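What follows is chain A paired twice: with chain B in the first complex and chain C in the second.
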Partner chain A sequence: MLAAALRKELLLQWRTRGQMMAVLVFGATALLLFSFAIGPDASALRTFSAGFLWLGLLLSSTLTLAESFHSEMENRALEGLLLLPSDPRALYYGKAIANWLQLTLLGIALVPVMVVLYDAGTTQLLKLLGIIILGAAGLSAPGTLYAGMTAQLKAKQMLLPLLLFPLIVPALLASVKATSLVILGDPMDQLNAWITLLAAFDLIYWSMCGLLYGRVIEE
Partner chain B sequence: MKDLTIDVEQVARRYGRRWALADVSFQVPPATVMMVAGRNGAGKSTLFRVLSTAIRPDRGRATVGGFDVVRHREDVRKLTAILSHANYLYEALTAKENLFIVADHLGIRRDGVMGVLEQVNLASRAEDAVSTFSAGMRKRLSFARILLQEPRFVLLDEPYGALDPPGFDLVDEVILELKRRGTTILMATHQWERSARLSDVALVLDQGRVIWQGPASEALEHEPHAQRAAILSTAAGGAR
Partner chain C sequence: MELPKIQTNKAPYVFLAIGVLLLSIGSYVGLFVAPAERYMGNVQRIMYVHVPCAWNGLLAITFAFVCAIVFLFSGDFRWDTRLEASIEVGVLLAFLLCAQGSIWAKPTWGVWWDWDPRLTTTAVLLFAFLGILALRRFVDDPVKRAIWSSVATIIAYVDVPIIYFSVRWWNSLHQAQSTTNTVSSQFWPPLRLNAFGILFLMIGFIMVRSRIAAYRLRNEMASPIAVGEEAGELA
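Up next is the complex of A and B:
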């Protein structure tokens, strides 16, 4: 069932891939605007680069997460799947994994933008990739749950960030700190602690949100 | 072996302060076609959504195939298919892909997909995106979805809506085919005469209440709106 749900999500994402480019441009524009806020101080830009990268990804994620439910609500297709019947948990994990993949790709695509704008390069690319994968998991699990919850509401565009942002603060903080240590150096050897914290929150999000999804999307 | 009837006891459902269904009770024997008549807002769609487990009743009890629609939702869903006002289709995907999704989620082979598309005369449009389909073609595809499910109970909410005359005949054929297979069918439609010919029994709803139930052949006499429509139709025929 999970394979069927994931296949459907990836197919839908492929058919609407043009939107991914728009979201990438949005994320890159956000990074550019953050650099305007700091000004021409190269040292400050580099110091805050990790935070800007994750804020750019967070803002972009609200667009992709909300969009992932657009096709489900258009003709009440999600209700149709539930009535087949389909296991709500399989539907959730299918969508959450697809969103995770999309946010990971988006995060990877924003890294060169960050390097160019903030002069924030690193040689530890594998570690950075690992942090992006874990951080994107921390955004996609609760993000998919809340996007599903708010998809049927009129004020969904306002409610999704309002509900999501407070919840993902621990994962966001761990992602920013870990990324920052990779870019700026890790003299106190703190990286593993932050990555462990991020992985722990991912585990909590992925287990709890899967259990709650059935209750929030069904009447 | 579970009971293969639909049993509705004092079911009520409200939206806000308005009761869409008010203490509705009836039974449908196995392998029966029941026509559910009533004007717009009579509660037909709400009744079907309760029986399909899409929504819960606020009061009362309903069982489908012996399974309670609230406590045994999964079991009811395995036995039931609904043709709803919403067509449950993904606009960005093709007709074939939409049915593949249904087959994958049901855990059945994809081989049957082209067969049901041929049955609803959509085989030539199998590779086209649903977003390019007319309302009638979407309705046909929704029928294909039901045929793929092979359910024991079928709930058809306005099956003739948006269809052209050949589409009407197609719906009749599908209903007769399902009837032959022993499927229990509930059909809400404003095509009273056509529906009455296919149905065994009828239920007339008005403002969320059952105002009459009995043989389908007598239903038109008890549906106020149908009577007016029949009179107008006769008058129009006389004028010509």
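Up next is the complex of A and C:
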């Protein structure tokens, strides 16, 4: 059941891949604009590069998360899905995994933009990939749940960030810290602590949001 | 769906009266009787409202969490009205806490704001629960509103310790928590009086506010004829 739900989500994402490009351009534009906040100071830009990368990804995520429920609201497709003899948790995890994958790809695609604009290169690509995967998981678990709620409302564009942003503070903090330790060096050996925090956040929200999602979409 | 019965007794007003009385005595003792602190001087007297606001704010938010869980299991709308009331009172106390903290921080630390764990957690908490109040305004269906705000309350409440520890690792200027163990015994009476004063005020406000929520809910849910009949009865 989960496989079917995931397959449906990935197929939907593949067929609307033009949107993914648009979001990527949006994220890259955000990274470009952040550099104007600092000015052409190369060392300062490098210091803040991790924060800018994650803020860029966070802003982009509000677009992709909201979009992931857009098709469910057309022709009351969600109600049709709920009529299936299936567990709503499968629907949730299908969507959350698809969003996770999409955000991970988006994060990976934004890294070269960050390297070029802020001169924030690193050779520890595997570690960086791991942090992006964990950070994207932290955004997508509560993000999918709240997108499912707000998609049914008129004020969805406004409410999703309002609910999501305060909640993901620990995940954002840990991702930014871990990424900047990878880029700027880790003399105090703090990276593992931040990755553990991020993993704990992911574990808590992936299990809790799955449990609560059934109550959110029930009629 | 069963509509919550609306209590009409005088209990909340008794709580409010006791709260005002205790808070007046506590503030008088705190401002005029208790000695000034050696290093901070009179500025420190803000502690007598700051610390009770912190305790009771946390209590109100914890009560909201309990209401959310009980509502999800029972579906009893009385707990939805209590949830709305306690989140509103908790948000008010969290806002007061941030405002008093800034007033206290400027003369003692030299800054209005500091990225200290407790301060940052309170600010994030304030925004998280303001978001839930905003969500409640935008959902027209009372059943969905109650379920969604319960879910959002549980998710936000679980986040509080995680935010606290992440910010603590990230940055740590705040003096240790002021409890009766860490402050001089001369400061105890006004601190305790104000803590109970604000506690009683908080209970009173939550009771009054949940009654208002229950009336609004009844107007939303009841058929127009039933409301009309009741109005006829009252007339």
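We take it that the second predicted complex is superposed on the first by the 219 of 219 C-alpha atoms of A that agree within 3 Å, B and C clash if a C-alpha of one lies under 4 Å from a C-alpha of the other, contacts with A are read in each partner's own complex, and residues count from 1 in each chain.
FYI, a residue touches a chain if its C-beta (ideal position, glycine included) is under 8 Å from a C-beta of that chain, and two chains touch if they have at least 3 such contacts.
From a predicted model like this one, the values you see are computed outputs, not experimental measurements.
Q: Quick one: chain B and chain C on chain A, clash or fit?
A: fit
Q: Identify the partner contact of A:Thr16: answer first if only chain B is touched, second if only chain C is, both if each is, neither if none is.
A: Touch partner of A:Thr16: chain B, not chain C.
Q: Who contacts more of chain A, chain B or chain C?
A: Greater contact footprint in residues on chain A: C.
Q: Tell me the contact category for A:Arg215 with respect to chain B and chain C: first, second, both or neither.
A: second
Q: Mind working out whether A:Leu145 is in touch with chain B, chain C, both or neither, as first, second, both or neither?
A: second
Q: I'd like to know which partner A:Leu81 touches here: chain B for first, chain C for second, both or neither.
A: first
Q: Return first, second, both or neither, reflecting whether A:Leu163 touches chain B, chain C, both chains, or no partner chain.
A: second
Q: Quick one: smallest Cα-Cα gap between chain B and chain C in the superposed arrangement, Å?
A: Once the two complexes are overlaid, chain B and chain C approach no closer than 5 Å between C-alpha atoms.
Q: Which chain A residues contact chain B in one complex and chain C in the other?
A: The overlap between the chain B and chain C interfaces on chain A is empty, containing no residue.
Q: Residues of chain A touching chain B in their complex?
A: 1, 3-5, 7-8, 11-12, 15-16, 71, 74-77, 79-86, 219
Q: What part of chain A is in contact with chain C in the complex they form?
A: Per the touch definition, chain A meets chain C at residues 142, 145-146, 149-150, 152-155, 159, 162-163, 165-167, 169-170, 173-174, 177, 193-194, 197, 200-201, 204-205, 208-209, 212, 215-216, 218.
Q: Taking the touch rule as given, give the residues of chain B at its contact with chain A in the complex, in rising order.
A: 52-56, 73-74, 77-78, 80-82, 84, 86-93, 97, 101-102, 104-107, 145, 149
Q: Using the touch definition up top, name the residues of chain C that touch chain A in the complex.
A: 72, 124-125, 127-128, 130-132, 134-135, 138-139, 144, 147-148, 150-152, 154-156, 158-159, 162-163, 165-167, 169-170
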